[in-house]
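In what follows, a structure is listed as C-alpha cells, so that the remarks can point back to it.
Labels run A, B, C and D following the written order; every chain starts at residue 1.
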Amino acid sequence: MDQILFLIFAAIAVICAINLVLQTHPISSALSLIGVMGALAVLYLLLGGEFIAAAQLIVYAGAIMVLFVFVIMLLNAGAEQKVKRRVWTRWSGAPLLLGFVGLMAYVVQVLLPPSSGIRFGSFLQGGPQTIGTRLFTAYLLPFEITSILILIAIIGAIVLARKEID
Amino acid sequence: MPPLPFTGPTPLSWYLILSAILFGLGVAGFLFRRNLITVFMSIELMLNAVNLSFIAFSYKLNQNDGHIFSFFVMVVAAAEAAVGLAIILTVFKNRQTLEIDEVSSLKN
Amino acid sequence: MQLWLIPVLPLAGFALNGLFGRRLSKALINAIAVGSVFLSFLWALKTLNALGAFSGGLETAYREHYYTWIQSGAFRIGADFAVDRLTAVWLMIVTGVGFLIHVYAVGYMAHEGGYYRFFAYLNLFMFFMLVLVLGANFLLLFVGWEGVGLCSYLLIGFYFLEKFATDAGNKAFIVNRIGDFGFALAIFLIGVHFGSLDFATVFGSVKSMGIETQAGWITAIGLLLLVGACGKSAQIPLYVWLPDAMAGPTPVSALIHAATMVTAGVYMVARSADIYLHSTISLNIVAILGIATAFFAATIGLAQNDIKKVFAYSTVSQLGYMFVGLGVGAFSAGVFHVMTHAFFKALLFLGAGSVIHALSGEQDLQKMGGLAKKIPITCLTLFCAGVAIAGIPPFSGFHSKDAILAAAYEHSPWIYWVGVFTAGMTAFYVFRALFLAFFGEYRGSIGQGAHANSPSHADHGHGHGGIHESPAVMWVPLVILALLSLAGGYIDIPQFLAPMFGEAHEGEPWLMYVSVAAGVLGIGLAALLYLAAPTLPEALARIFSVAYRWIYNKYYVDEFYDSVIVRPVIDGSREVLWRAGDVGVVDGAVNGIGNAARAAGSLLRLAQSGYIRSYAAWVVAGSILVIALMGLRGGAR
Amino acid sequence: MPYLLLATIKTIIVVAILMHVLAYLQWIERKVIAHVQLRVGPRRVGPHGLLQPLADVIKLVTKEDMLPSHVNKVFYFLAPFVAVMFALIPMCLIPFGGDIRVFGIHTTMQVTDLNIGILAVLGLSGLGVYGVALAGWASNNKYSLMGGLRSSAQMISYELPMALSIASPLLILNTLSFREIVDKQSFFYFGFLPNWSIFHSPFPQILAFLIFLIAGFAETNRVPFDLPEAENELVAGFHTEYSSMKFASFFMAEYANMVTVSSVATLLFLGGWQPPFPQQYGSWLIPPVIFAISGLICFYHAANPARPFDRYTLPVFGVIFLGIAGVFLIPAVQPILLPLFWFSAKTGAILFVFIWVRATLPRFRYDQLMRFAWLFLFPVALVNLFATGLAVALTAK
C-alpha cells in the first residue's frame, strides 16, 4: 500500500516536473509546479509530516504560487519564442540530466546504510504540537530571525515594486 | 505463496532518488528555460526536492528537525518569492522583456 | 623623604608648558619653568639637609623603592631612587646651576619664537638629568641617559628652520647612539653576570670579588661603559658632536653641553668606580683617552675664532681632565673638577651669550674687541671665569685641576707633563678669546650684516645698533656664578667624597707650582700676542701655516669621519637598501603580484559570458564533480 | 479493507446530500431574495417552484456549450474543474456529527478525520483561487482577466484575516482536529450556557467570528465582495466566456465554498453539532416540536388555501413534516439525527445570513475592498489574536 501510493504520487510529481521544464509558457509551468507541490504534500503525509503537508499546501501552493500566477497574469508574458540552439546543446541536455540523476541514485545507494523501509503512520513527531514545541523552544532564535527576514522581504518588495511618483 | 508486489514498506532510497530526480529537473529547467519566471520556478522546484529529502531523512532519524528545517526553507522561499517577483516586475518595467539572456549587462 | 618630588617638579613644569604653553603668557611660562626648577632645588637642599649631607652624614646610600618596574623570574628591576654623596654633588650642581641658567634664559630668550617650547624642553631635560643621577640601578640611569640625549637633540635643533642646526642635532644624536650602544651592551653584560642591575647589588658583589680579580668580562664591561661615557662626555673619538652642538641657544650650551649633561659620563664612570678598580686595563684606557682628548681639544681651541667654539673645545679638553682624574684613580678629584668646571664653564658660556646678546648675534671674535667699557659686568665676570679655568690660585679651577694633576703624577708622570702643557694652552686660548673680545679697538660693524650668521637672533627684538649691557635677569646669575667660580674651590669635594673613594692625598708642592706657572705663562703669552703685538699672530700663522691649517680645521677629523663612515653608510643605504632592496625586491614583488592578479583576472573574464545560465552550468558541473567524488570515494563515511 | 469501503460509502452519501443541498441552496436564495424584495420568486415549476433546481440543471446540461475561438483551450477547460475540485474536497474533512454505530459498525459522521483538519481545509479552500484566476486568464478577455486578477488579489488579501481569526479560537481550544474542537465546546457553563467559542472563557471570540464571516464573504466572492463578477464594470467577470455546464460548475463551486465556510464557522465558533442547551432540559424535543408545528401550519393553510393548488400540495408536506417529527422521537435514531439537525440548523442560519446580506448590501469599490482588508480587518484580527493569546497565557495553569 505504501509503495503503491508512493509510486502514484511520485509519478505525478515527476510528470508535473517534466512538464514544468518542457512547457514554454510560464503559466503552464506554474500549474505543473503546483501539481508537484500537491503530490509532495501527499508524500509528506505518507512520511508522517502532517504539519509540513499542510504548510506545503498553505504556504507554497496557496501563497507563493498564487503570487507567481498573479505576476504572470499581470505581465501577461507570452510563451518563449523558439530559438535555434546549437546542436550539442539541444541534444546533450537530456543525456546529461539522466547521467546526473543516475549518478545521484548511485551515490545514494552507495552511501545509504541499509535500513527498514517507511511505513505510513509510524512517524509520530510530525504533528503540529511536537513541531510547534520544538519550534518555540529549541529553534526559537532561528524562528525569530526568520520572521525578521520576512519583514525585510516585505519592505524590500514594496520598495522594489512601487511605481515612482514623479 | 509469494508476497504481493508493492506491499511492504517503501525503501528510503526511493524518496531520495525521487528527490534527486526532481532536483535534476529543477536544474534542467534552470538551464534550459529562458523565461525569468520559469527559471525562478525551477529554483522553487529544487527547494521542494531538498525539502523532500529533509523530511525523508527526519523519518529515518526519527526526529522532526528535518520538518523544522523544511519549514524554514518554505519561509525563506516565501521571502525570496516576494523579493524575486518584485525584481522581476522591475526588470520587466525597465526592459519590457523576461528573456534571461537579454538581461546580461554583467558581461565585461 | 619623597625623593621623587625632585625630578617630578620639573616634569610637571614640562607638562604644563608643553601642553598649554602656547596659550600661556610669558610671565606665566617663566613662573612655571623657573619656579619648578627652583622648587626642586629647594627640595633637594631640604632632602640633603635632612639626610645630613651637610653635617657629615649620608655615609651610606639612602634609597627609596616606589614600585617594581620589571619582574621576570628572579630578575627584577625596581623604580628606585637612591641618594649618596656622589649623587648629592650632582643634585646640587644640576638643580643649582640649572636654576641659575633658567633665570638667565628668561632674559636671553626673551625675544625668541617658540618660547614655551624652549622652556618645556629645558624642564624636561632637568627631569631626565635628575632621574639619571637619582636612579638606583643601571636601567634608570640609562633612562635618564637617553632622555637627556633626546633633550639635547631637541635643543640643539631648537632653530629647526636652520639646516646647520638640525644637522648638528642629528650629529649629536647619532654619535651619542654609538656610545649608547656600548652602554647598552655593558648593561646587558652586567645583567648577565650579576643577575641584577641594582647598584648596591652589583657593586657589592664586585667588591666581594677582591681586588686581584681581573676577570676579562669585567674589563669588557668597563670598556663598554667607557664607550658610552665617551659618547656622552665627548671624548675621543666621539667628541665631534659637542662643538657643533653650539648651534643651540647659549643657555643650552651652558646647561647641557658644559655644566651637566656632558658630565654624565664622568658620573657614570665614578658611579662604576668599583668595576674599574677591578680592571686596571680599562682604568688606564680611561686615563689615556682623557689626556689625549684634553690635549687635542686644547690645540684645536688655540685657533678657533667663534667664541662659543673656543669654549666648546675647552669644555672637551676639561672633560678630558676629568677623565684623567678618574683614570688615575682620583675619582673624587675628577668629580671635584666636574663641580668647579660646572661653575666656571657655565659662567664662560653665559658670559659669551651675554656678549653675543650685546652684539645682537655676533659670534666671531675677529669682529669684536674693546667691549670692556661697553659691557663691564660681563667683562668682569668673564675674567673671573678665565682665572678660574686657568688654574690661578686660589680660584676654584686651581684646586680641582691641581688635585687631578697631583694624582696623575703619582700614577704616571708623562700624563702629568702633558696635563701641565694642556693647562698652559687652556689658559692661553681662554685669555686669547677674552682679550680679542674685550680689549683692542672694536672691529665689528654692528647694525649691518652682523645678523648674517646669527640665526639665533634673526628676529632680535631691539634692532637699534647700540651695544648694551644685558638686563639684570641675565647678569645677576653671571655674578653669582662668578663668585662661585672664584670661591668654589673651597668646597672640599674630595673630603666630602672620602667615604666613597678614599682619602685624596697631597702631592708634592712643586707639582702645584709648575702647573700654576704653566697657567700664568699661557696668560702672559696671550697678553703678548693679542694685546701687545696684535700683528704677531698672523705672522706666526703664516710661519707655521701647515700646523695652523691643521689645527684651524680641527685636524680634518670631521672630514675624515665623513669620508670614512658617513658617506659609505649613506651611499650604501641609498644604493643597496633603497635602489636594490626597496625598489627592486619589495616594490617589484608588490607590483608583480598586482600584475599577476590582473592577468589571471583577464583570463577568468573569458568565463564571464554575462549569461546567468552559463554561470549556473558551471555551478552544476562543479557540484556533479563533487558528488561523483563522494560516490566513488565512498563519500564522507 | 473495511476502511476504504466505509470511506467510499460515506463519500457517496456526502456527495449525494451535498449536491442536493447546493441545488436547493440556490432555490432558497432566490426565494429569500424574492421575499426580501416583496416578490414571490420561482413557483411555476413544481409546488412553490420546488422543482426549479431540477429544471435549472436540465437547462444547463442541455444548453449549447459554446467554445470561444480565442481562448487558451487547456486552461479554459481546466479552470472549472479546479474550482469545483477545491470547493468540494474540503467537504470530506468536515464532520457533521459525533461517533455513531450503524448496523454494529462504529464510525464517525465524517469522511476522514485529519488531526490537522482545519489547516487542511484552509489550504485546500485557498487553492480555489486558481480556478478563478485561470478562468479569467484563459478566457483571453480583458474583463475576465481583470476579474481573475481581482479575485486572486482579493483572496490572497482576505486569507490573512481569516487565518488570524481562525487562530484565536484555536489558541483556546488548542487542537486542529475538528472532532476535538467540537468536543471541547461540548459542556455548559452553569449547566445551561454553552461554552461555544463565541462564549468561551477566557476570551469570547465574537470578534473573531465576525471577522471570519466577513473574510468568508470575500473568499467566496459573495456580495458585498463580489468584485470578480461585478456586472456593471466587468460584464460577468471571470466567467464571462463560460456557458452551460462549466458556468454551472463555477456556480456550484461558489455555493460549495459558502457551505464550507459556514460549516467551518459552525464547527469552530458555534459548537458544531452540540445542542444550545443540555439534553436533560429537553433539547432533544426541539426538532420534533419544530417539525410538528410546521406540519400543523401546512394543514392549516391547506384548510383555507391562498392559492387553489395548495389544497393538494400542502397536506403532503404536512404529512412529511409530521413523519419527520415522528422519526425524531425514535430513540434508536436520535444519536444520528440530533447532531445532524443541530449542525445543519446552525450552518443553515449562517447560509441564511449570506443570502440576507446579498439581498441587502451594496457592493464595495475595489480600492475600498483592499483598504478594508489591510487597514481594518487585518489589524483588528491581529489585536484580537494578541488579546486572546494574552488571556490564555494569563489563565494558563
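Definition applied: a residue touches a chain if its C-beta (ideal position, glycine included) is under 8 Å from a C-beta of that chain, and two chains touch if they have at least 3 such contacts.
Source: prediction; values computed, not measured.
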Moving only from a chain to one it touches, give the least number of moves from subunit C to subunit D. 2
Taking each chain's centre as its mean C-alpha position, how far apart are subunit A and subunit B in Å? 5
Measuring centre to centre with CA averages, how many angstrom lie between subunit A and subunit D? 32
Once you find the CA centre of subunit A and the CA centre of subunit C, what distance in Å lies between them? 86
So subunit A residues touching two or more other chains come to 51, 55, 63, 67, 74, 100, 104
For subunit B, residues that touch 2 or more chains besides their own: 27, 31, 34
Contacts with 2+ other chains: residues of subunit D: none
All pairs of touching chains, each written as two labels joined by a dash: A-B, A-C, A-D, B-C
In the complex, subunit C residues that touch subunit A: 620, 624, 627-628, 630-631, 634-637
Can you name the residues of subunit A that touch subunit D in the complex? 27-28, 31, 34, 50-51, 53-55, 57-58, 61-63, 66-67, 69-70, 73-74, 76, 127-128
Residues of subunit A defined as touching subunit C within the complex: 100, 103-104, 106-107, 110-111
Please give the residue numbers of subunit C that touch subunit B in the complex, ascending. 605, 608-613, 616-617, 620
Touch list for subunit B against partner subunit C, complex: 27, 30-31, 34, 39, 100-101, 103-108
